[in-house]
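I've put the structures underneath this note.
Look at the two complexes coming up: chain A is in both, with chain B in one and chain C in the other.
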Partner chain A sequence: MAAIYSLYIINKSGGLIYYKDYGSAGRMDTNDTLRVASLWHSMHAISQQLSPMSGCSGIELLQADTFDLHCFQSLTGTKFFAVCEPGTQQIESLLKYIYELYTDYVLKNPFYEIEMPIRCELFDINLTQSVQKDRVALLGQ
Partner chain B sequence: MIGVGKMKQYGNVLDKPLNKGKTEVSLSAFAFLFSELVQYNQTQVDNIGELERRLEDAGYAVGARVLELLCHRDKGNRRETRLLGILSFVHSTVWKVLFGKVADSLEKGTEHEDEYMISEKELLVNKFISIPKDMGTFNCGAFVAGIVRGVLDGAGFPAVVTAHFVPMEGQQRPRTTILIKFAEEVLRREARLG
Partner chain C sequence: MQFFGGSEISPSPPAPTASGNNGHMLYVFNRNGICLLYREWNRPLHTLNAQQDHKLMFGLLFSLKSLTAKMDPTSAEKGNLGVPQLPGQGCSFHSFRTNTYKLSFMETPSGIKIILVTHPRTGDLRESLKYIYNLYVEYVVKNPLYTPGSPIRSELFNTTLDQYVRGIA
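After this line comes the complex of A and B, so read on.
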């Protein structure tokens, strides 16, 4: 059964602005999540330099024994990454959809300060709905 | 260059015909503009009541103009003199032109004679807005309340219009109600007209 363990959103300076875990497999305490976020931000930046091909835009997929990490970077430098079970399909399109939700319910919210942690009710509601829908779709396959 | 030369150039903008024009505007563009309006006003005020008043005033200007435009376009320059007439004008025509659909419902208040309510599951202006907990009962629908007040005032029905969130059981998001409280003179005139 393919499942997503956790979702992170980091701003262009590497600070964690949103963290959501789905189930106990991905759960981490706050300090650890902040560390993971800045760690990933640095690794992503370093990978762009290390790449033998020019014009590399950074790590998109990290595969390990017990998890996969998919990363999507928007044109503005905001990174959306999800830790999920190995072999989960269609996380890329889920991340792009979450980016759309971000542009709608976070960026169009006049009470949201850019680059700050996301505290938007509508974003949470729609995110939960879309991940549930995806879970049901994945289970059905 | 496609399209160049097809538009007749008018010397004076007042000579342009007041026809339908484009009826579609990008929702995202409006959402960003409205978000900026709210943010700008937030920097100018000290408290939430003041912010609501400013949004209402912004809406009032829109309402006054919308009334003139719609009376000319849709109603052939006839004006409403009865209460129910102007209310259904707001509920249907104004809502259709501004938000693309008629309002969800129009009700008469049960407690007071002078209160009417237009309800909407989710106001278009609030579609992407999540109010932070510390702002209490603030509603960006104050802008829409201002529009309604502008229309009613211009039509000769002075009223106090406010926007409220009404929590509904079984729904995560509360619905919005625009409460219209008419002035004394409106009710007296209505009673006289029979």
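After this line comes the complex of A and C, so read on.
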């Protein structure tokens, strides 16, 4: 039983820079994940246009029949979104923590080219650790 | 999720609370994308003109349904992105929330899409949307002078709808 099914990180232009699947039947190949990420980027932008009030910053939570999608957008426009089981709690704080990991292990890496796909081992290790920790905590309840 | 059957013709609506005035807008589309009804109660910001707004809304919903069908983590057999899905086929979303509004969506087997835009802290409105669909059936579909696929012009429907939405939390 996974708390998170998958995690995506997209840059400010909508390109996918990181994708991790944590064991779902709906694993997609690379091309499909790229398409899905760009589609999400556009939907996020359109949702701001349809707002009845000013100051809309885009979709934060999408609830579907079999999953929930939580999205966190940083101030620079980088979006972190996670597909998880319906009703999972605390994903917002997990996404913010992943953003911290991103700033520490990716942005501060001098060999990392901004907006390019993430290939930082320490980021992967710490990310897996934090997601596993989350999963254990949820199973323990 | 039952549309037909059940002991009552219309399900009883969720108990109204005292808050009121949380409904911003309501859209009803048919399966071809024609906007059958657009009601507006509280909309300070108009970004686009009415036609473009309806088209954008329909387009957003179509794409989101396509996205959720593709991203469904519980099924392995999926079509490609952008392939039109039949109503009820594939995983569909029922609501999304932003910091300024919450959009609740329901699609019937006949392709009628009902969208209600409310305050972001509104709860699950699926039962309310089902009730609104039943209002549509009673006041619009059963009206012999109504042509399916044309915009709805029924004062009685509008009044009942306004009254009901005012009562939703």
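Criterion: the second predicted complex is superposed on the first by the 137 of 141 C-alpha atoms of A that agree within 3 Å, B and C clash if a C-alpha of one lies under 4 Å from a C-alpha of the other, contacts with A are read in each partner's own complex, and residues count from 1 in each chain.
Methods note: a contact is a pair of C-beta atoms (placed from the backbone, for glycine too) under 8 Å apart; a residue touches a chain by one contact, two chains touch by 3 or more.
Note that the coordinates shown come from a computational prediction; the quantities given were computed from them, not determined experimentally.
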item: Chain B versus chain C as contact partner of A:A3, first or second or both or neither; value: neither
item: Touched partner set for A:P110, first chain B, second chain C, both or neither; value: first
item: Chain B versus chain C as contact partner of A:E121, first or second or both or neither; value: first
item: Touching partner for A:L34 - first (chain B), second (chain C), both, neither; value: neither
item: Residues of chain A touched, compared between chain B and chain C (which is higher); value: C
item: Chain B contact footprint on chain A (complex, rising order); value: 104-105, 108-111, 119-123, 125
item: Chain C partner contacts - residues on chain A that touch it in the complex; value: 5-6, 24-28, 32, 35-36, 39-40, 42-43, 46-67, 69, 83
item: Chain A-touching residues of chain C, taken from the complex the two chains share; value: 24-25, 42-45, 47-48, 53, 56-57, 59-60, 63-64, 66-68, 70-76, 78, 81, 91-101, 103, 117
item: Touch list for chain B against partner chain A, complex; value: 28, 31-32, 34-39, 42, 128-132, 135, 140, 172-173
